[in-house]
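Listed next: structures, encoded as structure tokens.
Next, two complexes with chain A in common: one pairs it with chain B, the other with chain C.
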Partner chain A sequence: MRDIISKSFGWAYLIFIYGFIFLPVAVLVLFSFQDGRLPVPPFNGFSTQWYEAVFADRKLMAALGNSFLVATGSSILACLLGFLAAYALARYKLPGSALQRGLLIAPMTVSYLIIALGLLAVLNAMKIPLSLWTVGIGHVVINLPLCFAIIYASMGDHHINIERAARDLGANDLKVMALVTAPMLMPSILAAFFLSVTFSWDEFIIAFLLSRFDVTLPVEIWSMLRSGLNPKTNAIGSLVFLVSVAVLLVLELALFGRNRKT
Partner chain B sequence: MTASVFVRGATKTFGSFPALDNVSLDIEAGEFIVLLGPSGCGKTTLLSILGGFMAPSSGSILIGGKDMAGVAPAHRPTTTMFQDYALFPHMRLIDNVGFGLRMRGLGKSERDEKALAFLDLVGLKASAAKKPHELSGGQRQRVALARALAVDPDVLLLDEPLGALDLKLRRQMQDELKAIQKRVGTTFVHVTHDQEEAMAIADRIVVMNQGRIEDFGPPAEIYMRPKSLFSAGFMGEINLLPGRVLETAADGARIETATGPVALPLASFIREWPKVGDNVTICIRPEHITMATSASPIRLGEAVVTGSAFFGTHFRCHMAPSNASGLSLVAHMPQSANTAIGDRVELAVDPAALTVLPAA
Partner chain C sequence: MTTTTLEDRERRKAWGFVAPALLWTLAFFVVPFVYMAALSLWSRQGRDIVHVWNLDNYLRFFSESALLRGLTNSLEITITVTILSVLLAYPLAWIIAERVPKRLQRMALILAILPFWTSYVVRSYSWLLVLSKGGVINQALMGIGLIAEPLEIASNRTATVIGFVHFFVMLLTLTIYSNLIQLSPNYRRAAADLGANAFQTFWHVILPLTLPGIMTGAFLTFVLCIGDYITPQILGGNNELVLPQIIMLQIGRRADFPMAAALSIILMLTVTAAYVLCARWLRIERA
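Up next is the complex of A and B:
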């Protein structure tokens, strides 16, 4: 009897937690199919008109492309820099390596708003105009610590002899990194990359403060919201969510698919 | 290809600890050399210095007559086979074996052909497309060997390559290593702490202890005529019988021991001529102690069997000589001996099998 009570309590708790997390998303997705002008109950009927409106909206589509560019570009750069930093700190004795590690991870603890304002001040002082490039720089700043931490954690000592063997067989440092170290660490590099893509994809504050004419999707959605609620925002929100889920799925498969094999 | 290796006064200190202490060694081209010793004896340090992963604090290394000072591992005519095999986990076997050739700029078809030939040499041609994690320990070891040999080194350095294998597989791999070495003719320098392995594969064994070379020679010589007490004890079980030189003659010396005086030929004195009054240690392998017959030239007197265990090839017996209280000898008695605890036996030794070293 007590078993049944504690078990059912456990299930109720589980359902409550997942409901708490996913109900808003479910509502968002549901009302993106609303047949009417307001994304609020009652649900009038099923329609894909708002998705058609989204795909017909040039500005939204441009923002979607911009977001994709910024997310992939900044993530590739963050992974590359993070990998190089991790390799140096894991394989060589550097002066103050503990301090350097700390400094690399430190931006994680600073709020995006502060980072954005800081970068804005610097860019202004250097007379660099705001563009998608500056948004990308901002996203590298926030994602580099993450990429570094993930890749550094996976650089074990058991790889040292393998790199040594490669060197012994005639590989120079660049070839050791490109042909041996990076492929061995590919699961964690991919994890860092895809996490970084999802963070960049959703990021608003930095993208808002560091962009001007070309904007990323979250900024475009924000300007849509200023003119009031509309099932179209639900539709684009659903699409953003779909992309995030897709990236996470790829990450899962890339990571855990590999782990299961080895 | 193959090359000689000369080590000249190599010393390596870590802080104030001498890991390698003025080591000199001449290895001929095409030899299978085993560096043997307990952990911390400096054998791995010496191998690292040969491979170029470590620079000696002083002294020099010549491979094929060329001084190796300042030459990086990649540019030495050596390759190293690591203890943990260090295979590239993300590459197929054929790419693992072909890696060194790729670094030397060989085209894909040419290096694949060569890699296949080396995989064939170690009996893994059929698995060329597999990845290392699909292999057993012994197979990985073979791939590591093929990869190291594929770049045609003059000297192959092997860092305890058989350490992770179980006993049966280790014995089998020893035979294969030896056979492959004979076939390719490359100089092999192999590190191990297993003296049976050393005897099984080496042309010559280097016994090391505390950063120094204790003994250097063919396995039989090191076993039968060790040049130091450490070497004698490390190569296998041995009885150490302390004694004092009583008198010397042109062809031998008489030595007073706890079991009575024995006369030994000069050939038994490995390190120095006996002088009257010298304290010495007589080294006797258990299998050289026999039951005395009327013809036995050297007798150890009567002893009581205090312990006996059957080892298949022999009985391993503990013997307490009657006229030397506190002394215990280990003797291997033949299967037919039928010794029982409490038996009294007359012991003798073969003088040709004895060695006499200065007392420790």
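Up next is the complex of A and C:
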């Protein structure tokens, strides 16, 4: 008897909490198909007009492209800098290496708003104009600690002998890194890359404060919010959601699925 | 002799590899941060910044109630959100770890964090669709005749808290779940052997063992929540501003960078204080 009560209580809780988690997303997607000007009940009928409006919106499409550029560019740079630093700190004895590790991780502990403000103040003082480049600089700052930490953590000592063997066979450092270390660490390098693409793609406050005319997608969506509730915002939001879930599924199957089998 | 030069050469090479990352962090993180700390000790006059060292911005913060209110609003909202999120996430993580069959657990977790993958801005906006006057909840309640007039649930503190809790329940479920599945079932068996019932086992054994995980997740929630501008700006209305909103007001409308810098430092000190307060429970894992 007690078991039945606790079981049904568990089920009731699951339904409640999953309902809470999915309610806003379900509403978002449902009313992106609204045949009318307001994305709230009653649901007037099915229409794809707002998706057409999204694809016809030049500013939105430009922002999409900008986000893609900034996310991939800043993530590649963050991974490269993070990998080189991790290689040096894991394979060589450098003075003050604990301090260096601390410095590289430090931006992780400061809120994005403060990082953005500091950069904005310095850029203003040096009279450097804001652009997608400055957004990219900010995104490398927030993603470098992440990439460094992930890659550094995976640089185990068991790889050292393979690298030594490569060196004995005449490979120089760059060759060892590019042909031996990087391929061995590819899963964690890719994990670091995709994680920082995700963060950069969705980052708002740095992109908002450090951009001027060319903006990224979250900033463009933000300016759409000023017009209040609008099914077009639902449509772009649903699109972003569906694309992220699709990418996630592909990654899950391609990257992590393979690892689990072996 | 040759060994030292070899060592020197090796060391120089290593510096070459680590230098780009260090220089990047120095130039675009440390320098801006130090500059901002200095800025907070200067003041604004008209459009210019006066480079005279003083504590005026900090003194003004503590004497002007509108500014101080920002900090207390932030703290109240953040603490409420942190506690509610833990209370909601723990049972979910527990049910997934204990009651859901092993092969379905991964699926259940992925489902529990799926809305995580909408854009952060859009996620707050979608709560507006649910909570606003013509929104789903009000329409539903009026439809079944429970209320005659729409409730004011959007554009206030309740809406901000709901929006935040929604996000952090997902985050905390992940951290608490990963903590729960690491516990050896032997603990529970031992407790049962010693005569503890289910509740006693949970209260005296499971909960204390998962406390470090809970505190780490709660601290993360605190940090991310108190520094966020988007959720309160979209869902919170204009009555009870939080610290990040006030910081944005300083640089937006008033172009008062020194004051914004001072408020940022205060925000950072608050986070540091929270860290010191719960440091003894925090267990930041090292790989």
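As a convention for this text, the second predicted complex is superposed on the first by the 232 of 262 C-alpha atoms of A that agree within 3 Å, B and C clash if a C-alpha of one lies under 4 Å from a C-alpha of the other, contacts with A are read in each partner's own complex, and residues count from 1 in each chain.
Rule of thumb we're sticking to: a contact is a pair of C-beta atoms (placed from the backbone, for glycine too) under 8 Å apart; a residue touches a chain by one contact, two chains touch by 3 or more.
This structure is a prediction, so every number in the text was calculated from the model and none was measured.
Partners chain B and chain C, once the complexes are superposed on chain A, both fit on it without clashing. When both complexes are overlaid on chain A, the residue A:178 reaches neither chain B nor chain C. In the superposition on chain A, no contact is made by A:253 with either chain B or chain C.
Within the superposed three-chain model, A:111 lies in touch with chain C and out of touch with chain B [touch as defined at top].
Contacts of A:120 after superposition: chain C is touched, whereas chain B is not reached. In the superposed model, the vertex angle chain B-chain A-chain C (Cα centres) comes to 100 degrees (nearest 10).
Contact with neither chain B nor chain C is seen for A:99 once the two complexes are overlaid on the shared chain.
In the superposition on chain A, contact is made by A:18 with chain C only, not with chain B. By the touch criterion defined above, A:128 lies against neither chain B nor chain C after alignment on the C-alpha atoms of chain A. When chain B and chain C are set side by side, the one touching more residues of chain A is C. For the pair chain B and chain C, the minimum alpha-carbon spacing after aligning on chain A is 5 Å. Note: no residue of chain A belongs to the chain B contact set and to the chain C contact set alike, using the contact criterion stated above.
Partner chain A is touched in their complex by these residues of chain C: 10-11, 13-18, 20-22, 24-26, 28-33, 35-36, 39, 88, 91-92, 95, 99, 110-112, 114-115, 117-123, 125-130, 132, 134-136, 139-140, 166, 169-170, 223-224, 226-227, 229-230, 234, 244, 247, 251, 257, 260-261, 264, 267-268, 271, 287.
Looking at the complex, you find that chain A touches chain B at residues 158, 161-162, 164-172, 175, 179-180, 183-184, 186, 261-262. By the touch rule above, chain A contacts chain C in their complex via residues 7, 10, 13-14, 17-18, 20-25, 27-28, 31, 38-42, 81-82, 84-85, 87-89, 91-92, 94, 100, 103-104, 106-107, 110-115, 117-122, 124-125, 137-138, 140-141, 144, 148, 153-154, 173, 202, 204-205, 209, 217-218, 221-222, 225, 229, 233-234, 236-237, 240-241, 244-245, 248, 252.
The touching residues of chain B, when paired with chain A in their complex, are 51, 53, 72-74, 78-80, 82-84, 86-91, 99-100, 103-104, 133, 147, 151.
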